[in-house]
Amino acid sequence: MTTEIALSAAPAARPARSRLAGLAVLFIVVCALPFLVSSYTTFQLTLVIVYSIVLLGLNILTGYNGQISLGHGAFYAIGAYVAAILMDKYGVPYWATIPVSGALCLVVGFLFGLPALRLEGLYLALATFALGVSMPQLIKYKGIDTWTGGVQGITILKPDPPFGLPLNQDQWLFYFCLAVAAVMFWLGWNLLRGRVGRALIAIRDQPIAAEAMGVNNAMYKSLAFGVSAMFTGVAGALGAIAVQFVAPDSFSIFLSISFLVGVVIGGIASISGAIWGALFIQFVPNIADQISKAAPWAIYGVFLIGFMYVMPVGVAGAIRIFWARMKRKAGSSPQRSG
Amino acid sequence: METFLHQVIAGLATGGIYASVALALVMIYQATHHVNFAQGEIAMFSTYIAWSLIQAGMPYWVAFFLTIVIAFVLGVLVERIIVRPVEQAPVLSVVVVFIGLLVIFNSLAGWIYTYTIKTFPSPFPEKPPFGTHLVSSHEIGAVGVTLVVLALLYSFFRFTPLGLAMRAAAQNPESSRLVGIRVGWMLALGWGLASAIGAIAGMMVAPIVFLDPNMMSGILLYAFAAALVGGIDNPGGAVLGGFIVGVLENVLGAYVIGNDLKLSVALVLIIGVLVIRPSGLFGRVHVTRV
Amino acid sequence: MAALLQVAGLHAAYGLTRVLHGIDFALEEGSITALLGANGAGKTTTLRALCSMVKVEGEVHFDGARIDGRATEDIVRLGIAHVPDGRGTFTHLTTEENLRLGAYVRRDKSSIAQDFERIYGYFPRLKERRHQQAGTLSGGEQQMLAVSRALMLRPKLLLLDEPSFGLAPLIVREIFAIMREINKTEKVSILLVEQNAAMALDLADHAYLIETGRVVLSGTSEDIKKDEAVRRSYLGY
Amino acid sequence: MSAKQLVVSAGVSIGLALAAPYALAQKKYDAGASDTEIKIGNTMPYSGPASAYGTIGKAAAAYIKKINEEGGVNGRKINFISVDDGYSPPKTVEMARKLVEQDQVLLLWGPLGTPSNTAIQKYMNAKKVPQLHVYTGATKWNDPKNFPWTMGWQPSYQAEARIYAAHLLKTKPDAKVAILYQNDDYGKDYLKGFKDGLGAKAATMIIKEVSYETSDPTVDSQIVQLQGSGADVFFNITTPKFAAQAIRKAYDIGWKPVQYLNSVSASIGSVLKPAGVEKAVGIFSVEYLKDPQDPAFANDKGMNEWREFMKKYYPEGNITDVFNVSGYASIQTLIQVLKQCGDNLTRENVMKQAANLKNFEVNVLLDGIKINTSPTDFAPIEQEQMAKFDGKEWVRFGETFGK
């Protein structure tokens, strides 16, 4: 397993210029989307952007640092509630809630990461699973329900576009989320392609060797938790603004499980995988529902298993393998390893 | 004081439920080194099979043993057909397949049997034992069955060559092949046995909580916690872990923090224990020289 | 005369990297044969190929039957015991459980009990530690355990992969002495892979020299020892 | 619809004027309605933890099939688009938008769950699309002033709880009450109604209240706590599985309080029988629907029709499940609204007619219960009757509460 992940973490060997051009084209297409599709589809795509930020964050922890989390829905909930409470109770403008959500989740995630340091594999799975299950119950707790709205949740208003921009609310929110996502992906990219990323991978693959080389494992592992939670919290805030409502039922354990599913389906330790995974968790349940009202989950389960059969290392992994094959056929560049 | 005692006994009874499911988790872990998240749903589904057999007029014990056999075959088939193709895939991909199985079994059960709760018969007398109201005969009987399964499981792993081979296959597949163990079949067998144990657990749990497709979804987390707190490689520890979790949860809920936070606090305590003793209260500490 | 093990045109690869390019060799019944070569020459891969632990092309005959392409566990059942690279200890099991696993495919219960005593006779330290978790044994003890586990199969052929690796010379000598004794008294043929060519040649009757996936030299140990190139590159004198 | 089309269709309707009295009114349509079709949207938890309720949507869909086979409503076929929201509010928002914006439904009928409906309430009202007959008993759906496009259907939880409180004050004013409730909006709504009903005496009468989570495997521990409090009245605010557990456990440990059971779980087939009918003797509840397992309705005309319907249109459905009665009854209320709309199928008129039901009866509701709404009364069913379980059937007694 380690070797496969190591392979998928290897930087792609495509030339930088064509890659940048590709990115630019992609960016233009994405920016044009809200004018090409309906408001409803724009809203769905906004959710895809939001989920992709979560998956990137979870990937930092699970993919790059090898720590499993079955409870990231909890951080998503914290981010969402912080945004909702600030907007609803304190009249804070929506855009100002994003950094607050991120910062708070960074702290909470880091603190949660400290005891989690001693837990590995199954034990960490239990601890995070417990976090995910407990979060809705904590939100309902009577001591804090004057802020959280208890079981009723909080309804918030959708922001209007600023400066009299000729956009509708959905289009504006799409661009707003896209801008935040761009910042988060840029952050994630720099983090993962640099020294920190190498340290995280080293800890995942060779913890003892990493320690010997002077990497502070404990520090990095907690930090990975914190940063991962921060990404998720930012996304949670965006999600709350997009959906205009938060309630304990919005953050059930199934949300956390979808996130994990998204990371794996998208591609472990892959930045682009976050987008594939987000598309999957946004659209595949809808497709399953279209196929069968009687047992939509059964169809969804078949999709999950089917994806893992066809692409055991995720969509991003499969694409990478496909490119490598094409290139080998073309015989253009020699095989590079790792 | 009497209420306190009563709470503890009720906790032991619920703990018995966790223990029985925890045993199935220990079984599959020993045999495959995975924790199968679909374990609870397969147990639930097997219980529906037993229910159908009983509805069809089969005597309880015939249905009971037939269900164990069916569950065993079901487990083997699931491993051979569904899990096999991803054997070589990264562990997280396997986890996703487990999640897929979980939702499939849950959904199928709802589709076939609807979501209305069903009563599942108990093989034990209706009359409470020893003239007490504190605990029902079924609860005592279920704990008894769990202990019997525990004894069988313990002996199986400890004293039979097959049990040893299964542990070996889970731990070190390559070396296992080199001593002639058919590793693929050991995994399938492990799935079969785990699902058979799950079926027993399901049939013991259902009379208490009623049979419905979501019967196991709440229990799985507790069973998982019980198995880990007791030591995932120690069947006896897992059963004790089940009782500990059951009692802890009741006492916390009734006397310390109230019912709305009892799950969270119980889990925090369990995780605390695991931070201090990473291999569980009764798990073996593994030392490996590099 | 038919050899116990006959290998012809053996190819093997890990993924896209080809490691063996057509190896041919034979092992006489009752002999100790050594495969020599530098790190990365393909010695370990050859052993793994014999047990179908890597994908192979070519032909392998053992005891008159063709075995290439058969499953590892079936090959083991024919009487080939493999002490793998890194010893393959079941670290979480006890010493005794490790040995019991060695006899997993045997059905002759009474003689298994005798074999335990025989093994403990060779390696008394294992007896002392039989209830100890195998992962806690020292490197030398784990090597003894690995050899013992293989012997519990009552094999016709023993494949030994770098038994000297990482061990003190004294312990290596002890293990090699026991190997020779087992070969003599129990008629177990041995195929030995070693980097330490000097020690291997002392023990073996025959030897093959492998370089980059091919056999480049073969002969009796005495002949090989005399070879100029081998002396310079592998024996260091 | 272009002006020309309007003229044409108006011409057609004048041509038919002699045949059909409705057609005198000019045909008017909003999105989702036409001469041939009415599109209705719906969200339901077909997957996830609340899938038990999904059968309501399936029963409604089956009834629509029946209506369409019989010629539809005023000659128009109904296109019922029901989608899964997994009981997750964000998904409900997404699905409501899909139904309104993409599928262009005339109205959204019967979305299930308080959080899900809260999540879409603002959106539906901003879009001016009817959110009709929502499946939740919260009181807040009866708020025509602030949310003129949202309307409930079933009696409110709070109103029901007040009935119990009134009964208790009358029959046992010195009671010591213990309450078990589900820790969510539904449980807390009942709790509030009950306390409101007891008024000033609530603080002294209620001596213990404990909650449970839907993830709890059993409520045994809670029942032991309630028994330990020494209470002699037990108000059981639980969903079917937990209700059955609670009734059985209370009996088994020898606790014999006067019991009030919320109507959510008053089903004989899915609660009292599993708990053991002998353990449920004497329980009070209120009813508005006919229970499929109640022997009193074994030969009831309405229930026989329902059974026929189930056999023909929803054979895979469970005929002991009261949810299937509920879905059958509630969708009929919508059909009545659509019938009253005639050819004026604008969203505005839909709301106007929904708020203009006069003594409408569905024969699977208890005899005598009538559905009435007005522009200031957005609560279709308000009448309920108390009943006591005698070990075989619910014995209704006393007056019919509510208007």
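Labels A, B, C and D are assigned to the chains in the order they are written; within every chain, residues are numbered from 1.
The criterion applied here is as follows: a contact is a pair of C-beta atoms (placed from the backbone, for glycine too) under 8 Å apart; a residue touches a chain by one contact, two chains touch by 3 or more.
Just so it is clear, the structure is predicted and the values come from calculations on it, not from any experiment.
Chains touching both subunit B and subunit D: A. Other chains, considered apart from subunit A, form one piece (clusters defined by touching). Chain centre most remote from that of subunit D: C (centre = mean of CA atoms). Interface comparison, A-B against A-D: more C-beta pairs in contact at A-B. Subunit A and subunit B have centres, each the mean of its CA atoms, that are 32 Å apart. One finds 50 Å separating the Cα centroids of subunit A and subunit C. Between subunit A and subunit D the centroid-to-centroid distance comes to 38 Å (mean Cα coordinates, whole Å). Centroid to centroid, with C-alpha atoms defining each point, subunit C and subunit D lie 75 Å apart.
Multi-chain contact residues, meaning those touching two or more other chains, occur in subunit B at positions 103, 107, 110, 221, 260, 263. Touching two or more other chains at once are residues 47, 49, 51, 54, 183, 213, 215 of subunit D. Chains touching one another, given as pairs, are A-B, A-D, B-C, B-D.
Residues of subunit B touching subunit D in their complex: 2-3, 6-7, 10-11, 13-14, 17, 103, 107, 110, 114-119, 128, 133-134, 136, 205, 208-210, 212-214, 217-219, 221-222, 249-250, 253-254, 258-260, 263. Looking at the complex, you find that subunit A touches subunit B at residues 1, 4-5, 62, 68, 115, 118-120, 122-123, 125-127, 129-130, 133-134, 137-138, 140-142, 208, 257, 260-261, 263-265, 268, 294-298, 300-305, 307-309, 312-314. The touching residues of subunit A, when paired with subunit D in their complex, are 38-41, 43-44, 47, 133, 137, 140, 150-153, 155, 239, 243-245, 247-250, 252, 254-255, 285-286, 288-289, 293-294, 296-297, 300. Across the interface of their complex, subunit B is touched by residues 47, 49, 51-52, 54-55, 183, 210-218, 220-222, 224-225, 227-228, 240-241, 244-245, 252-254, 269-271, 273-274, 317-318, 320-321 of subunit D.
Contact residues of subunit B toward subunit C in the complex are 161, 164-165, 167-168, 171-172, 174-183, 233, 284, 286-289.
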